[in-house]
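Letters A, B, C and D name the chains as they come in the text, with residue numbers starting at 1 for each one.
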């Protein structure tokens, strides 16, 4: 396999035709990288977007697969794709069980292919800029991280029931964001939560939580989640270091302010993740393709990142169940 | 010609391979309208993007042309395309001479094709929302309009020399914006200007101006232009009506604020029009394609809009030359 | 008269018991300058706040007078106070007639007392900071100034009838602000206006205007006024120079934003000038007292500033009447 | 004692001549309540501001005392003032020991005088507006409260050593704010903290913390504190309810934004609590005087509020020491 030549565009197949699969398809088409658009649009036009995942994974015409299937298919498709020497982009989470995650990661390592995990928020312009502020030492030695992450409404209970719970399904993005911003590993987790939606309570899940993370380097991060933000999607981070802070606001479709005698008002935020993170999805796919096309490049979000985020979710679940701070060492197998 | 069937996608050719031609090509590819992407990407891949405009205009495989050639080619290409029954998207301005503009418009009307003029800012999310605030009566009866429009730096003098002057080249967008927001025609114009850049002064042009427009319905609009905004592109409007105001802020690549003991700061605005208006360009192309595909639809920005904006620029030039308010009737041929 | 000793506090009398008189009385009491508060509070307690202006002006116990009487009393009280060697703080405008203004200024000069004119906005934290940005060369060589100044509603027609017209009554503050920011004199004025309130139209006045000022140093300033801002008082400035811009937002009573599914909203701005400029009034009085107490100090806003602002209002009136740009030289007596 | 007549102004004495004592003195003088200013200015002028607290407390000319002395004097002065039937305004905290607090509260109750505790932030325009949003049901049923409270730098170690620790000295304001916003009592507390300043670590205190509060009504509040915000004082709250959110920004001396090619920047926030809360101190004193002058009025922040905030600080200290969530019942004597 030789994808390093810029004359040979990467040939990508998409597994899973749901919402996020369409997003990635569109991102690939919109990709401004020279040569990618035509090629992917062509792929997109021919029947490489198939419901028979194995057929696509085994297709010798395909260099890489984008796994957007239901979570319980992720690991087996990773293993199969790795076996056929395809590069892999896998939506989060890899799996809800640590052993399965480890097995998938090992298959990728053994095959020598690249696997990138879909923590798309790392590619958001705001969060990337906050990370840059830390990396460039604009805020000095980091002391505290705040993540606010609210959904505009609860998903269907059927979804809740197979989601693995809020920490595995929703907060997992924030766990990754915390690791992304801090650039270190977590030592201890404490979670306080409630269910304001009675249906979610009945399903045994939570919808409102604050999770505290103590990192090994001393940084304290706190994540606030709600599945019930009536005004829409709300995604913000703020970091405090020895030299100062960096923070970002939520995103809106426009900046127009209407002032009348009653109020000064603007439109509600971008409704949900597709609107908010479309640019991030495009940037994520660009990165994946660039990395696949450059043999020496490493993926910026790999299997280990997927595993560590899952461990934090497991620790948060344990903390909630036992109402006590939980060390990551308690949930990490020896 | 039958483009009304949704099964037959519009076949588009692009005239002119400069910066704005590439933008439109990309917009077409990124177009999420069902069926458009594949088709245009295909066109984009085959040699329909040609330097021989006539060959493309005469191509029976083409339904519509996008004219992004130098201004002095616009009118003749419009006339030729109209003759070959192609729908036309033409970048602003149609021409710098009123007679030529009128001739081109007449050719379009005689041919019964559609022509849309590239006042892309009407498709910007902020300005569209301000227009909506007026249309929905959120601000009541309109009394005043402010347009702030600043470029991050002067173009090369070679460009200045063929541009027709700042009012025809740059302010023409703001003249159209004023008409778009007010939804009426202008009665009188007064312009005050200076040249802060000595090279522009030497070229006989201006780079800093305020233009006042009195509309026939009494609304007063004032446009402020600078070609020398050191911090980057700056595009804002504000309207005041009997019930209140609507205004928008400039656009930035991110919302991150870094606070240190020295200052609270954020990154400079999006640098220039390609960054700022990329979404507007895409929305503009989508609109053009939708309108071409629907025989009964009319274009939202037509030849007359192009002509009226040119008349305002001519009146502003006359006002500046004679240092007095100039009636539009003075520059409009009887 | 020896007020230079910090041991002898300035003894101040207030002429005029209207709204602005009460403001200044309160400012004096709130003054944190060592020794001022007690003393003025004492004055405030004893009957030095009198309706008999002459009695107060002649009172040997008084060092300075604050003239807040109706405009047509200003000049005669200035002359009388100067004659009795009192320092003078006079609300704007000094008078609506240039000869009378000149006479009052001459009386002040002949008496060797200090006179400060009540352009309180120079002491506003926002506008002062913009002026500082210019003075510190943060924005480079100044090219353009924008002043937005809107009242929350028209005053009673009875007031309009004696006000001297909007330019003399309301815009005069903005004329002073333009001179304050630019630090130069105006060469030419052009005004475009309308009356959206039919009662104001019937009274022969205007309520909506844009005034362009070309300064002798080339800077272009544009002032936008409305007496009909439904959402409340609105006071903003923005300057553009070779290095960048400085601008300020309007002022609000709080920064709270309430987000619901309908809108993201905050409370309307501070209603009017008393709320908005209370801090500026206090800073203005502090400055006046400091200057009076220091024989070598000069007032920051003097009779000449009052006169120049009046000349700009006169030129704007002439421009409006004749619909043409008017040179200041046309209205300035030789 | 009859203070209800508006003709008999309240006579107030101030105990303690430190920073906060001067603030209250100034607030009293600036008070716009009819009749208060003169009277207090007079008191301020005559030697009622004394270092001999007992003399003042016993002074029959005094109706009320403002206790701004060191914390260890508060309780004994409260008891003595209550004994002499003076109304009492006491700076926070009442005391660092629960028994002493209870003793002081009992003395006040037995004497039938009023005691108000100096949680000045309840009178801040932003926080009051957030509380109003909750009270008016603008945000629906409350689910979550965030409090960000950062100091611009650590106090001297000598102060730290007698402060009772960060939770009793600094966070106590935030504990009160959480109770003020939620309008209920706390069930459980968990605290995570660190010391980024080695001198504070050496003194056995912390300077960086997040404290989680679970209220009896299910609301989760999280408080973030830092004593090391390099950019200045930072005081914000945000609440999330079933209908939406209400949040406020930090406070700045002006709204001016300077844009250059390097950055878009504004001045740092108001430096510290005197600048930020001056208006709140004035409103607080006005409220105290109004309540004292109206026999039927109750104080808005009483001894019980002081005691509950102390209990939260004690629980947070215990949580930190034992690294576990602590029930308030554990620290509240039976």
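Note that a contact is a pair of C-beta atoms (placed from the backbone, for glycine too) under 8 Å apart; a residue touches a chain by one contact, two chains touch by 3 or more.
As the structure is a computational prediction, the values presented were derived from the model and not from experiment.
Trainee: Over the chains that touch one another, what is the least number of steps taking chain B to chain C?
Mentor: 1
Trainee: Any idea whether B-D or A-D has more C-beta pairs in contact?
Mentor: A-D
Trainee: Counting in whole Å, what is the centre-to-centre distance of chain A and chain D, each centre being its mean C-alpha position?
Mentor: About 42 Å, centre to centre.
Trainee: Between chain B and chain D, what is the separation of their C-alpha centroids in Å?
Mentor: 57
Trainee: Return the residues of chain B touching two or more other chains; collapse runs of consecutive numbers into ranges.
Mentor: Counting only residues that touch two or more other chains, chain B contributes 230-231, 243-245, 259-261, 267.
Trainee: Contact residues on chain A for chain B in the complex?
Mentor: 26, 29-30, 32, 37-38, 41-42, 44-45, 125-126, 128-130, 133, 138-139, 243-251, 253-261, 267
Trainee: In the complex formed with chain C, which residues of chain A make contact?
Mentor: 230-232, 252, 259-269
Trainee: Under the definition above, what is the set of chain B residues touching chain C in their complex?
Mentor: Against chain C, the touching part of chain B is residues 140-141, 143-144, 146, 148, 150, 190, 192-194, 196, 208-210, 212, 214, 218, 220, 222, 224, 226, 228-231, 234, 240, 242-245, 323-325.
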